[in-house]
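So, here come the structures, one by one.
In the two assemblies presented below, chain A is common to both, partnered first by chain B and then by chain C.
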Partner chain A sequence: MDASSKIIKISIAGDFSLTPGARYRSDGPKSGEEFREDFLEKYFKDPSDDTIIEVFLDDVRGYTTSFLEEAFGGLARKYGKEVVKKRIKIISKKRLLYKEKAEQYIENTK
Partner chain B sequence: MAKKKKKKKEPVYKSEKSRKRALRKKNPFYHRFSSISKRKNSKIYDLEKNPEILYLIAPQNFSLSKLSYIEATLKFFNKLDSGVHRYNSVFLNMENITFLSEDAILYLLSRLHAYKIMYPNYSVSGNFPNDKTCEKLLLDSNFTKYIITKRKPKINNKEIFPIRDGIDSDGEILGEVLNFIESKIDLSEDNSFDMYGPMLECLTNSKNHAYNNSMSKLHRWWLIAIPDKNHKKVHYTSLDNGLGIPTTINKKFADIVKSFVSNKDPDLIISALNGEFRTRTGKVERGKGLPSVFESTNNKQIDNLTIISNFAYVKIGRNKKILEKELLVKRFRGTLISWDFVE
Partner chain C sequence: MKTQNKNNTSVFILIFIGGLLIGFIISFSINNPLNYFYLKFSEIIQVATTLVVGIYVSYYLGNKITNLGKQKEIILNSINKLENQTEKLQTYFLNIVYNKNKKASSSIISLLDNMIALSETLLNIKNLNNHIFLESIEVVNDKVSSLWDYITGDELNNLNYKEDNIEKIKETIHSLKSDLHNCKINLFIK
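Up next, the complex of A and B:
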């Protein structure tokens, strides 16, 4: 992480929803696609943007695997695994399993 | 001196026709979608004008909760399906029901919803069970929201989480369901968190995989949660009226399995739970919904996972143990998934 990089903190519970939804917008409200497009992608559109995005997973009702896959795996599919790994920091104190899953979805992207 | 109670005399009817007319007037409900604007004038008496009404008697055990009740209940629903198709008007005599469970109520609502789309001029009416417990469940379940009747549930009844229905994968509703369950039993925060995903996956599956384009208007799910105070558990049920799991899993894989086994549908469901099939969407990252439901049986506070879909009945205990696996004689149209949250 570059010392001069800007850090943005996003709490899914506080900034997005206490009840995250499914994969796509067409599935219903507060989907992984919605979170990725409205909260994450804006920091990836400019290739020179080196903002670090800290995403806090805690304090929601729960997650579907499809939400996490689409939000984080979907981001890696679109902007590249290495870029996403470098700039997205997934943080959780209570839900370590889900943090690992989200990181795995980024890692498993081909 | 206490007054002697007068015995009610059994009414004597002039004819079978007048007996049926009286039956229809007693505790009736009426479900007709052909013309909502005519509701006030139509009432149940409209039915009398129609000489071709099919009368169906619901089984005493109107339930999909036990294998021994399922065949009779599905036979009744099969008759209802063909009755609505052939007669347009059907009367459901439910007064003899002595055991009623919420799964049968949800299935009745899903069939009524399907008729609304498939047969615009159909009408279904009926009466309420004489058994007070069954009648109370029918009223408290929110069933009356979906039909035309003067009978209403008690206001502010918080004993059960009443029927909710929808189209989208709605996490907010599931948040409410989990709040309700937490108010009834000691469900740990971690277990509640872990169950949110599988519950939402069930609703998502009903949207994504249960329907093809020609049936897209049918798309709907229903859910309900009912606590059993004696056993310290809450029974959660969700149901959709789609094509069913065995129909919607990837056909190429299904065909392979079909050639090896005759008892097809239950095995297809178990394979889908194990994540052996891709779903109709065909994407590698998809099809994780059912496996996540299966995984949830490793949760100590989850028991008796039951899946009924097409001709399959599968019951799973803790730690993915298959308790029952049966091929049904009559088809269940859609998918029902239920389980117990236990203390």
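Up next, the complex of A and C:
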């Protein structure tokens, strides 16, 4: 992380929803696709943007694997695994599993 | 809960009285077996030291045993909760698969979230010094993670699980139940 990089903090529970939904917008409200497009992608559109995005996973009433895969894996598919790994910091103090899985979805992107 | 506390207190009192008796017997028998009432200054100091050490050791051991008992009680309570939640999970899952119950599909996400929280809390127990129990908790934690993985994919949103996934989930729920039972047994292995 560059010392000059700007840091943006996004809390899924506070800024998005306490009850995140499924994968696509067509599946219903608060989907992984909606979160990715409305909250994350704006920081990736400009290749010179080096903003660090800290995403806080805690305090929601549970995640589906499809939400996490579409939000984080989907982002890595679109903008590249290395770029996403460098700029997205996933934080969870209460549920280690969600953090591990979200990171794994980024890592498994081809 | 009350019975457990009573047991712990009894152990504490027994150790306390035992410590006092041993202190007296050792001091008197070694130093002055024939004269119990006329003690030299050094003997009084020795008796007092033995008493203090006896009290300290019995207090320390009693406390340790009581704390360990309380910790095991909390762990047992958490395992029982996990067992109940596993039963609920099975009901919700079958409701989704066979009745296409949409309400059950949103409840199952928060139920799994609670199960993950409980199993991760159990996994963080470090000071129990019981490897067999800790290994069985790791097995439980892996199965809870797998269930979350198998259940909350795209199939949950469509309320349409593939046959092989249904079987896999049913089997994992079934084996999780017996793993939780093993955890309870292993908790009390010394």
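In this text, the second predicted complex is superposed on the first by the 110 of 110 C-alpha atoms of A that agree within 3 Å, B and C clash if a C-alpha of one lies under 4 Å from a C-alpha of the other, contacts with A are read in each partner's own complex, and residues count from 1 in each chain.
The working rule: contacts are C-beta pairs under 8 Å (C-beta built on N, C-alpha and C of every residue); 3 or more make two chains touch, one makes a residue touch a chain.
Since we're looking at a predicted model, the values are computed, not measured.
Undergrad: In the superposed model on chain A, is it clash or fit for chain B and chain C?
TA: On the shared chain A, the partners clash.
Undergrad: Looking at the overlay, does A:63 come into contact with chain B only (first), chain C only (second), both, or neither?
TA: both
Undergrad: For A:73, using the defined touch cut-off, is the partner it touches chain B, chain C, both, or neither? Pick first, second, both or neither.
TA: It touches chain B, and chain C stays clear.
Undergrad: Give one of first, second, both or neither to describe whether A:28 is in contact with chain B, with chain C, with both, or with none.
TA: both
Undergrad: Where does A:17 make contact in the superposed view: on chain B (first), on chain C (second), on both, or on neither?
TA: first
Undergrad: With the two structures laid over each other on chain A, which partner does A:92 touch: chain B (first), chain C (second), both, or neither?
TA: In the superposed model, A:92 contacts neither chain B nor chain C.
Undergrad: Given the superposition on chain A, at which of 61-69, 79-87 or 133-141 does chain C overlap chain B?
TA: In the superposition, chain B collides with chain C along 79-87.
Undergrad: Output the chain A positions appearing in both contact lists, the one against chain B and the one against chain C.
TA: Dual-contact residues (chain A): 19, 21-23, 27-28, 61-66, 95.
Undergrad: Which of the residues in chain A end up touching chain B in this complex?
TA: 17-23, 27-31, 61-66, 69, 73, 95
Undergrad: Looking at the complex, which residues from chain A come into contact with chain C?
TA: The touching residues are 19, 21-23, 27-28, 60-66, 94-98, 101.
Undergrad: Which positions of chain C touch chain A when the two form their complex?
TA: On the chain C side, the touching residues are 106, 109-113, 116-117, 120, 145, 148-149, 152-154, 156-157.
Undergrad: Which residues of chain B touch chain A in their complex?
TA: So the residues of chain B in touch with chain A come to 168-172, 174-175, 178, 192-197, 200-201, 203-204, 207-208, 285-286, 288-289, 292.
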